[in-house]
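Paired with subunit B in one complex and with subunit C in the other, subunit A is shared by the two complexes that follow.
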Partner chain A sequence: MSIVPVPGPLARTSATVAGVAALALALAACGSKPGGGGGGSSSSSASSSSSSAAAGGATSSSSSAAAGGGFTACMVLDTGGIDDHSFNQTSWAGMTAARQQNPKISISYVPSQSANDYTPNLNAEVSKGCSTTVAVGGLMADAVKAVAKKNPSKHFAEVDAPSSGPNVYGMQFNTAQGAFLGGYLAAAYSKSGKVATWGGLAIPPVTIYMDGFWEGVQYYNKKNGKHVQVLGWNEKNQKGGSFSQSFTDKNKGKQISQTFVQQGADVLFPVAGGAGEGALSAAQAFGGKVVVMWVDTDGCVSEASYCKYILTSVTKNLSGAVQQYVTQAASGAFPTGNYLGTLANRGTGLASFHDFAGKVPQSLQSQLRQVGLGIATGKIKITSPNQPK
Partner chain B sequence: MTVETAPASASPAPADQPPRRGLGRRLLDGYLYAGPVTLTVLAFVCGAVVGAVMMVVADPATRSALGYFLAAPGDTFSNGWHAISAGYSALFRGALFNTDSLYSNGGAPIFGPIANTLAYATPLILGGLAVGVAFRAGLFNIGVQGQLIMGAICAGLVGFDVDLPPVIHLVAALLAGIAGGAGWGGLTGWLKARTGAHEVITTIMLNYVALYFLNYLLNVSGFQKPKTNEAVSKPVSGDARLPHLFGANLPVHLDLLIALGAAAGVWWLLTRSTLGFSLRAIGANQNAARTAGMNVERGYLVVMLISGALAGLVGCSQALGARAGGFDNSVDANLGFDAITVALLGQASPWGTVLAGLFFGALNAGRVVMNASTSTPSDVVNVMEAVIVLFIAAPALVRSIFRLRQARGGSRVSALAKGWNG
Partner chain C sequence: MSTATGTRPPAAGDELVVHHQAAEPLLSTRRRLAGAAGLVVAGLVCILVFGLDANPGDASFQVALAGFGPKIPNVQLPGRPACFVLGALVIVLALLHAARGFSRRSMRWVIATAIACFAVSFLCWAATGTPGNPFTLLGLLQTTIAASSVPLVLGALGGIMCERSGVINVAIEGQLLVGAFMGAMVATMANNVAGTLAAAAAGGVLGALLAVFAVKYAVNQVVLGVVLNVLALGLTNFGYNALLQQNSSGLNNPAVLNPIKVPGLSQIPILGPVLFDQNWLVYLTYALIVAVHVWLFRTRWGLRTRAVGEHPRAADTVGINVARMRYRNVIIGGMIAGIGGAYLTIGYAGAFSGNISSGKGFIALAAVIFGRWSPLGAVGAALLFAFADGLQILLPIAGTPTNIPSAFWSMLPYVATVFAVAGLVGKVQAPAADGEPYVKS
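Then we have the complex of A and B:
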């Protein structure tokens, strides 16, 4: 707006400037109208009042939220963003599910452009007056710990990290259990005697799946005297393994998958978020001779067009855990300590077989139930070093 | 270019009559024959306007009001205005001063926003200096990312694997970081000097090498955080961390002073030293410099060593400051590329880079709060930064939008933007 005070001649010569100034004047003039006249539809006045509350500053907005008895749940996302087809997205889905269940909960999120944003984001959520702040991703653990320590009266929750203080609720998932079942199923389903898994990056949330898968195959071999091979990962060699080095590069994923198929694998287990789609398109290219086991979410829902190539999915119930936390916190009782998602509490497991329901024999399905029971009761020990402690 | 009759003056003479110019006329001339300052201000205005448009478009209330625009056009404008004012006031609160800090102390110290601004600005200033100094010698260093990664690796290694007494430890870690960055930058300079390999290509490729080298190290014991499988480095030991300047509650570290010192050093180098003179001569015209007896090849090597050393300090700022608790492969935080925009905005002058770094730091700190308290996506700020730099790099565009005349004397900015293809 520093344009306006410039003397006369300019205003005529520069149509653009005049246009901008006129627009600004028009905006300013109309800004006062709905408040004074009280006109307009109810929805618009409601929205304008809420945005003015946001403009007025955190004190006014937080006090109005407290007066209304509302519960504000805020989420700090990790890098990757809200639509990452992975943990950010599913964690946020838990927030929206909680709001659907209880409309008094208001929810919001902030993305992190890099790890340098973690602490400022958490601080911004605290001073905004959030009732609770949910941090997504184990990498944020240090930042959450420090901010929670400075604000002992505030409540925090963390996805994929253990509790780091009395006011921090930790949510972790032993997905090795679900992947163990997946490995058992893959070994039993494979006709070639070779199954393959590959990951996005060699980080624990990824390799824990690969460990579980590997162990499931070994367990199948031991129980049934078979020699099904796992390509791409060996739990005993944590530094090896096949990785796409990306959670988004579908072409890289397809390349790796094709290599494994050429080596004889007929069940693929990609643990690489969106890059895993490469395995699906490889399965499509091989005309369904190869099947894929999806990860994190039910692939027949998130990748519906590829459902006929998806044997089943190893799930991680992030959204359920977040929803449960937010709902419980909104009722006034903030959960403390740690949540550990297991087979027993459905924090992880196998999704429905969908198109493959007829191709997985009943005997195998009952074996899977037995194995699941064995894991849940502790009779079958999972040895993955990547399990949450 | 329409000729206007000057409204206040009595004489109806043509506008370019040299003597006796009134204050208004002089102000107008200062504006019309845009100097660098005017151009920068106008670029900011353009950025702010584009940002405002995006805030309006991103505002759900405005979009829904637009649906019944003809029935009640006032709603669209009022909601749009609210979106803009909420967005910019949140930016201000996040970057400079939050009025709430006066009333309550719910974790919001009065200097919190300023401290965040400074914390975001520090690595940007150092990175901007790294790009800028290479720039003045006619080299386009896109390799700040790789150089800062190598700096962070070296600083980190000394920080967590070497045992030294308190102050010496920090100094050693800083020197290691500088050496790491300078080595990586110097490699590019050496390749350019010896083989003529274009620095743009070598720096981009060396970025990949550094990044994958870090990926490898993050899985090697001795570098990786013990008792974990996370691809995260060990935490830097306490006495190798950059100390807080204003208490543990404000995230301002010693690297701010280092950055300001580096700016002063670069200023001295470029304007007061023989070396700086020859570097600038090489940047202006390498053939002329060679004819004048300057060693152009040595100049390339030296300037890339200096540029890399500054980039290495960015790595120190990250590894020993913001990420001292252990860094992963995102330790560069895109600073290597943001540094290019900072250098452009600062017109490759040291103090301009400091101001540009502070400005981008303020935008970053404000972005976080804007995001948390309004529905405005943080991408708005990224677009604003990009638009501002776009206009700075293309002064002719600003002139044509605002109908300005060609500046008297050359503009360094446009020369910079063109000089990069050599």
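Then we have the complex of A and C:
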């Protein structure tokens, strides 16, 4: 603009374009990083002072930070965001729980707007001087591996992926076990003889749930001589299945759920984070003729307004695992290797029935306990190819 | 007329009768044979792929919703023979075309028939996948209308309002997004009518921004639209993080509109439950389709709008205020798209979440172009896309005779749109001054 004296409107034009573009970019940046760690419905306790302290702690190494009494645990979230009512939110709850237990731990998080943010976010956490960085989501595995390799003196932990180096702690969950119980329950609860499951993306942390659910239904059929059908997934055909191709697109989730109901399903098991809310919205639209089994967290807590449509939830104790890791790490002993959540160590399982407590007969509840025992003791073999090794 | 004034009026005896006969140009031989070859391939696919792969037995289509209204029996077609017959029909059309050639005008009907045959034999094939399980055709149509078409239709209508007056609107996506955001927030605080109005206002504000920069400052409109989309994404993400997530029960918990049955009309078999058992935003959409069509082709304002979009200088010389026409149209277009955004939240899914429009605005933009900048054409394109989208979800659930990876089905809407557009629409002509800023000289 300043080089050539353009008269009148053109000069104004380019200036305004630049202005709008800058404004737009600034706002977009605002959207992706809300003040480093302040926001989040469940995180109001993570005061901005703690995150600014973390930022001020700058370049000192993690061990010296720990020795100085301040332990900074940072979290890189996946695209669902802090209030996805699912794995991001629960992982963050583990951080807040650890902080409550030990107030010397300061915590912060950064959300990722897309897969392109993983590596920059991890690098930013490292250069911020975090004592440990917890990465949420199996999709981040490659990024964590690369960043951890470049920073061998730093500590990392990753949810939903195995350890990929001596300084990376892997936290995995054999959720097929919990989902197996869910499938058994769904098959027993269904009146139409059709139950349905659909996923966000066809990746192992998702399809493992669907495998377990499918196997649970098959086991129910075998034990009781019934023919309950599973729509949307078949363990024997890992390339098939219904997926919303998104963990956030609620409209798609509702559309898929409605299609299942039209096909006759009356129990829905969405494994799709925030997109799964579409199933709850569909259950509401069908006036409770259809029930939903929520995933990862207790849906009656995270989706309280929809509780009357939630039969139960297949849980994955992310918050417990994260809390345990952060607490141990803060005490100076960074855990290494892998954690595997199972039915036996309460890493996965069924949440309580809440509104449906009266509708699930005692006999069925005791059958579920028996099945759970069978899985924990290895009497019932789960064959899902997606189980963590 | 003016030349006739000088001459004497024709006497009864020497009246000259001129018979006009439209000479329908035939297609060139090469194009004719290429077209015929294409049809033969389609026919062979029907016979060899769908026909042979279909399971024996009937393809049954469910044309009533479970538990709704009068009980209508399923439509049964013998799966395999139907594919064979339909495929043969397409090939017969192809041979006729190769032998004597259809005119350009009738060719359109030939292609439409061929596509219909192809689609029906495809459905027959798919429906034989799980014997005893009817293909829920009516449910598919109902979700086509309810789930995906409304935002596309309203986004496209908003785009047409803009582009007919000569302003390219790439910002439909952003208008949907701000509409969805404001709709959810205001509907939670007040009620759904207020939410819809707020959504329209938000879309209108984004439209006004587009208009100011496009009309007053003559900014490149495509770049501007892209920037506005980024702005809308940034604004709504910021608002979502800073406001809605902090207090989701007080700000982001709208009640989803309930369907209202239109008395009488909703009893029509098949069409009734599909078209007239929806919520009022859908009915508003019907009204807006008619309104935009009438407004554009039957009113003075519409005529002026088209004039401004085709030849702004000519319009200016007869005293039409080009800038004012464009401002008004772009803002109203933005408001219509904003209502489409409201449908995403209060009309269908409920609470707002980041980037809830997820690309629907761009598909609406495609519908504008595929529909040749006409409201009814754009509605057709939007419905086609929405139907293919619903089909893409239904097919892996219903089960097809051969298992096909779900990732393959995800391509279906785009493939269907491209083929239908290539076959049916052909060359499209934008308004002549679309995207040209008008600077008075």
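Note that in this section the second predicted complex is superposed on the first by the 315 of 389 C-alpha atoms of A that agree within 3 Å, B and C clash if a C-alpha of one lies under 4 Å from a C-alpha of the other, contacts with A are read in each partner's own complex, and residues count from 1 in each chain.
FYI, contacts are C-beta pairs under 8 Å (C-beta built on N, C-alpha and C of every residue); 3 or more make two chains touch, one makes a residue touch a chain.
These numbers come from a predicted model, not from an experiment.
Judged by the touch definition given at the top, the superposed model places A:Gln262 against subunit C, while subunit B stays out of reach. By the touch criterion defined above, A:Thr96 reaches neither subunit B nor subunit C. By the document's definition of touching, both partners, subunit B and subunit C, reach A:Lys239. Touch criterion not met for A:Gln370: it reaches neither subunit B nor subunit C. When the shared chain is aligned, subunit B comes close enough to touch A:Ala115, but subunit C does not.
By the document's definition of touching, of the two partners only subunit C reaches A:Ser305; subunit B does not. Looking at the shared chain after the overlay, A:Ala202 reaches both subunit B and subunit C. When both complexes are overlaid on chain A, the residue A:Pro385 reaches subunit B alone and has no touch with subunit C.
In the superposition on chain A, subunit A positions 9-10, 12-13, 16-17, 20, 26-32, 34, 39-41, 113, 202, 239, 245 are in contact with subunit B in one complex as well as with subunit C in the other. For subunit A in complex with subunit C, the touching residues are 9-10, 12-13, 16-17, 20-21, 23-32, 34, 39-41, 81-83, 113, 196, 202, 231-232, 237, 239-243, 245-246, 248-256, 258-260, 262-264, 274, 277-278, 281, 284-285, 305.
Of all residues in subunit C, those touching subunit A in their complex are 65-66, 133, 136, 139-140, 143, 146-148, 213, 217-219, 223-224, 227-228, 230-231, 233-238, 240-242, 245-246, 248-249, 253, 256, 344, 348-351, 353-356, 358, 389-390, 393-394, 396-398, 403-407, 410, 439. Those residues of subunit B lying in contact with subunit A across their complex are 2, 4, 6-7, 24, 27-28, 31, 41, 45, 49, 59-61, 64-65, 68, 72-75, 77-86, 89-90, 93-94, 98-100, 103-104, 106-108, 112, 116, 119-120, 215, 219, 228-232, 249, 251, 318, 322-323, 325-328, 330-331, 333-334, 365, 368-369, 371-375, 378, 401-403. Listed in rising order, the residues of subunit A touching subunit B in the complex are 2-3, 6-10, 12-14, 16-17, 20, 26-34, 39-41, 43-44, 47-48, 50-52, 54-55, 57-59, 61, 74, 79, 108, 110-111, 113-117, 119-121, 123-129, 138-139, 142, 150-151, 154, 201-204, 207, 238-239, 245, 385-386.
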